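The first chain written gets the first letter, and so on, giving A, B, C and D; residue counts start at 1 in each chain.
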């Protein structure tokens, strides 16, 4: 399946990926409005890890043997049969954080909006996920490997 | 009188050439008839002819066709010639009344031989080199004088008017030659100067040309590198000098010289076999400045025969035909059929591929390769 | 102590209605011109630190940032302009030489902009490059006066053996930019783009980093006065060797790569100790005369077994024509001339802005001189220094260049914003820096693609212009000054350029 | 029924995972499922959320309503298997059916441990592991309320189940006391410092916890209704509702007396097969290897049940799968405070190096237990982001010497890890290092 891959060597650490992830998953999908009105509960579904001159963006790896699907007590974490992405059904998530406990990449986070985790959904089947589209240095690639 | 404006001559034209490859001389009537058919391709501002084999009795002398439009010019020319040359024979060029031909300049021809001690000769220079120097000097530095032609056993006849009238004026029906070239001119800059008509000649090269050489600027500068000074600002002039440079001075075979002037595209070169590729590549790399770019069809006459060449994308018309021992080449088929109604073969010249009419006697070895 | 006389050159304007406090600007400015105050949740600016590189404005996701030239804050004076005054303040503060990056930024007359090109009308057809072949292939190197061909029974036989030539798919190369002055990513991008597009990049005096070895066939390696990175392998791992005598941005001046930029990789590549300053002397200390140059040229030719062309690069100075002629006679197969608008990683501002002559005039003079001397075909001419667009290239070729070097244009294609602060090592675009935090900003794949696009688009434009002039091979334009006319130039300028006034026919 | 069929006993996580795994390999052979409970497959850990009113019933279901049909499963719901005959490959049910099988999965789960106390038979005393438990509790609460006042509750045991029950009761506004024998809440998961944070959260939520004391007896009235509990200290806590939350144990009743070997649970190998060829067991009923202690013991954990079910299903269908390292781990949120523990999270002393860091200003705590430079246990409370990275390090037995200190830092992440491990985590190709 197509996944997002990061080229650590070219990650600027600008975090535009996080910003556009937030915007894409906001209600209005308009950057200024999203930040103005939804700022308190906007959490990106992916994160830039950053230390000194090294940084990279990390999204859910959408593992073949996804431990988060195994661990999800609510049956909320599922594989989208169409895209192959591991997605969290926010209506079902109860916030037990089992997925956080088992994700070896640390790619699942607590959302700020109640008891729902925040993770990459590959922008729900968009041709190119927002983080990839907006990376100014093409440090993110969305491809089959 | 000012010869030309100091700007490049651009003209559309008619050209025609007939050669007897057997070397049989024939009168100028045929070429006059042929060029007259293409009357519409000329504008009456220039016409001319070149004939080869005209002067068998003076075959070893340089035959200078000269025009003078300044009273003092003949004397100056005479003085200059005396430095290096012995004048064997001198006479007016016979003319006749012709319609539409007015105010002709003084026209003379003289047959010369090099003096045993030529004053302006450099150690390595040949007679030909000195004749080139002489002709170029007269054209460039002696006001009111112009050398129409300077080869042996050939001559150029040209002037302001339609070519058929010029032919009558010069009484070409009275000459015989084994090779005739003709030119009718449609210049886009109007000057009524006889020297500006075509063919253009140097030594025994005579060139008629229909086209516009867009690479003129660099061709000219390239020639300057080798000592040629282009005084006339015409494409014909640079074509003539390039032939002289490549074939006479640098001894390139005709085929290779044509490859220089109208080279194959790099994409074609890439598909050639290794040997041909190396040849084509080397010629292009070395002679980039000699590439003739833009639309042209040219006929080049020489003692050895006639060669016709189209630009490599074939942007100007040129038709060829053979009948008996003759090769006919003209801008239009009609100009051939007018004098050769039933040719054995007739074809359109291909871009960049020379057509050679080789006169058997005294042929260059080089010409053998292109048949 | 704060340099209190020095005022900001730029104003950072932030539209607070648009600012979402995402802090991209804060993270991207290597000069710390932006600052986030988490207590007040507000991003503020220190304009004094702004160099006008536009990194922040470019990356701001809401277009909230505008960088503006600071308003004229001095009483206007035609002689004592703000930049003059500021420079004095800076020197009064520092006691040092003013430094600048990139090329001469003074408003000298740009002759490219005073020359116009020709096009075919009626008497000859223009050629449509989309339908017809249009050839830009260019060969650089020594050409003989003539080719010797002997007719044989099997056809014509070639007797002439050509001197080594560089074959260019289009007459544009990347000029010398050393690894050290620019980042490895930038060097790689240049090398790869040249390699892929069939042209050449120049190593500059930085040696050849191992990662560039695969593209060595597209590299012209430079031998300059510091001889950094030079050994016989370096010379042979190349397409051609260039001896750098001078640089347009700083004729008569050497180079200085500060020790901070000499990290382990630069040190290995340049073959100098880590953290040591890399000082290129002003002259080559083994070239004090033209005979010395000839010796070096032939020493190099011996080292490379005469298999590659040797280029000599000189700065465009007053008697450039004679110097170029000397270089050709000394054995240079290619002469590169760098005009006074040529770029640099660092040069004294006074030198950059006041020494040397425009490349247009230098080129015209050199081409004419070599033709007069009948040695034009013995060497190719490559010109550099402020080639901004394909029209500049076409005009240069028409004036007589075989090819051009582009440096600044290539850097701009990679993202350079001409802030002229290369010498600080804090290039926010990841180009003129060795700081790993900044170098990674230049993804060589992206940069390579952008460079290739630039070459391709210029190539297409050159083809269009050639076709418009009715020629289908670049050699028919080369030195063809008939296709140039001057506009608004004096007679002496026209004469120096060897072109006619517009309005004067052929 | 043909005798190459699959038979699955149980209807929870392990059963579902097994069905999905079988169908990934074998999409034709019939599967029969027998479940004591009559519910469509649901998630047991959600019962506290249901009781708290945070979930509606629809969201209790672990899989979509058409799950059985889509996976070609014939369910026998509300049917109890009564006997397994491994030799003849047949299972008897309480409906007197004889279900033959070729491959059997026992995934009948665990049962609540009922402490040996007097009075556990009183009305109003419940266990807290099934939907049926919740229904009964809910009905009891309603009945009490109808009788005048909502019940007061006592929860015996402050483990995960006890605390989730407590949370549900507080959501229902029931006055609740938790009694824990050990000296702290979540004693199996947390050390003293960690527990203290949780206790603080519980107290903030208005509940009482009594640690370090035992319930001696459950008191009831003449009608047999619970009235209170008496604890060790002599105190009596009046209440109308008691939850026994002292743990779960494998429910091995079904295999007693058969050739299937058991310890505390049914013994399984790495392929989840029991001692009898073709018979598998998974989930809370089984007992596998704890990779940290090296001992075989029940690990009644949701992810374990899923993984064992999947491994069992794959092997039953002829595929190849084996269990990796298993160790205890739990994630829970108690009164808004997220808590994650894994491995030997409480260990200390000889052979262990303990790193811990408590946030002085926020309820946040992290504890990492190392043995031989490898992570063997961890606790995350409050800031739990990226806790899974440690799970990965434990599972991969990654040598962390050199980066141990960074495990506690705020910006701890993949970036802190050795480059080749980082690369491995993101599946070989993810991040180019």
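The criterion applied here is as follows: a contact is a pair of C-beta atoms (placed from the backbone, for glycine too) under 8 Å apart; a residue touches a chain by one contact, two chains touch by 3 or more.
Since this is a predicted model, take the numbers as computed values, not measurements.
Undergrad: Going by average Cα coordinates, which chain is farthest removed from subunit B?
TA: D
Undergrad: Which chain would you call central, comparing Cα centres to the global Cα centre?
TA: Minimum centroid-to-centroid distance belongs to C.
Undergrad: Starting from the mean Cα coordinates of subunit A and subunit D, work out the distance between those two points in Å.
TA: Distance between chain centres, rounded to whole Å: 28 Å.
Undergrad: Using mean C-alpha positions as chain centres, tell me how far subunit A is from subunit B in Å, no decimals.
TA: Once rounded, the distance between the two centres reads 80 Å.
Undergrad: Between subunit C and subunit D, what is the separation of their C-alpha centroids in Å?
TA: Chain centres of subunit C and subunit D, defined by C-alpha means, are spaced 69 Å apart.
Undergrad: Give, as an integer number of Å, the spacing between the C-alpha centres of subunit C and subunit B.
TA: Comparing mean C-alpha positions, subunit C is 47 Å from subunit B.
Undergrad: Identify every two-chain combination in which the chains touch.
TA: A-C, A-D, B-C
Undergrad: In their shared complex, at which residues does subunit B touch subunit C?
TA: Those in contact with subunit C are residues 5, 7-12, 188-189, 211-212, 214-218, 220-222, 224-226, 233, 250-253, 255-256, 263, 265-267, 275, 278-279, 282-289, 291, 293-295, 312-313, 315, 365-366, 368-369.
Undergrad: Please give the residue numbers of subunit C that touch subunit A in the complex, ascending.
TA: Within the complex, subunit C contacts subunit A at residues 17-18, 20-24, 27-28, 58-59, 61-62, 435-437, 440-443, 445-446.
Undergrad: Can you check the complex and tell me which residues of subunit C touch subunit B?
TA: 120, 122-125, 127, 132-133, 135, 137, 139, 143-149, 151, 155-156, 158, 160, 162, 165, 371, 374, 376-377, 398, 469-473, 475-483, 504-506
Undergrad: Given the complex with subunit D, which residues does subunit A contribute to the contact?
TA: These residues of subunit A touch subunit D: 3, 5-9, 47, 49-51, 54-56, 58, 61, 63, 67, 70-71, 73-75, 91-92, 94-106, 108-110, 115, 145.
Undergrad: Considering only the defined contacts, which subunit D positions touch subunit A in the complex?
TA: Touch residues, subunit D against subunit A: 17, 43, 45-46, 49, 54-55, 59, 61-63, 302-303, 306-307, 310, 329-333, 338, 340, 342, 384-389, 391-392, 395-396, 411, 413-416, 425-427, 429-433.
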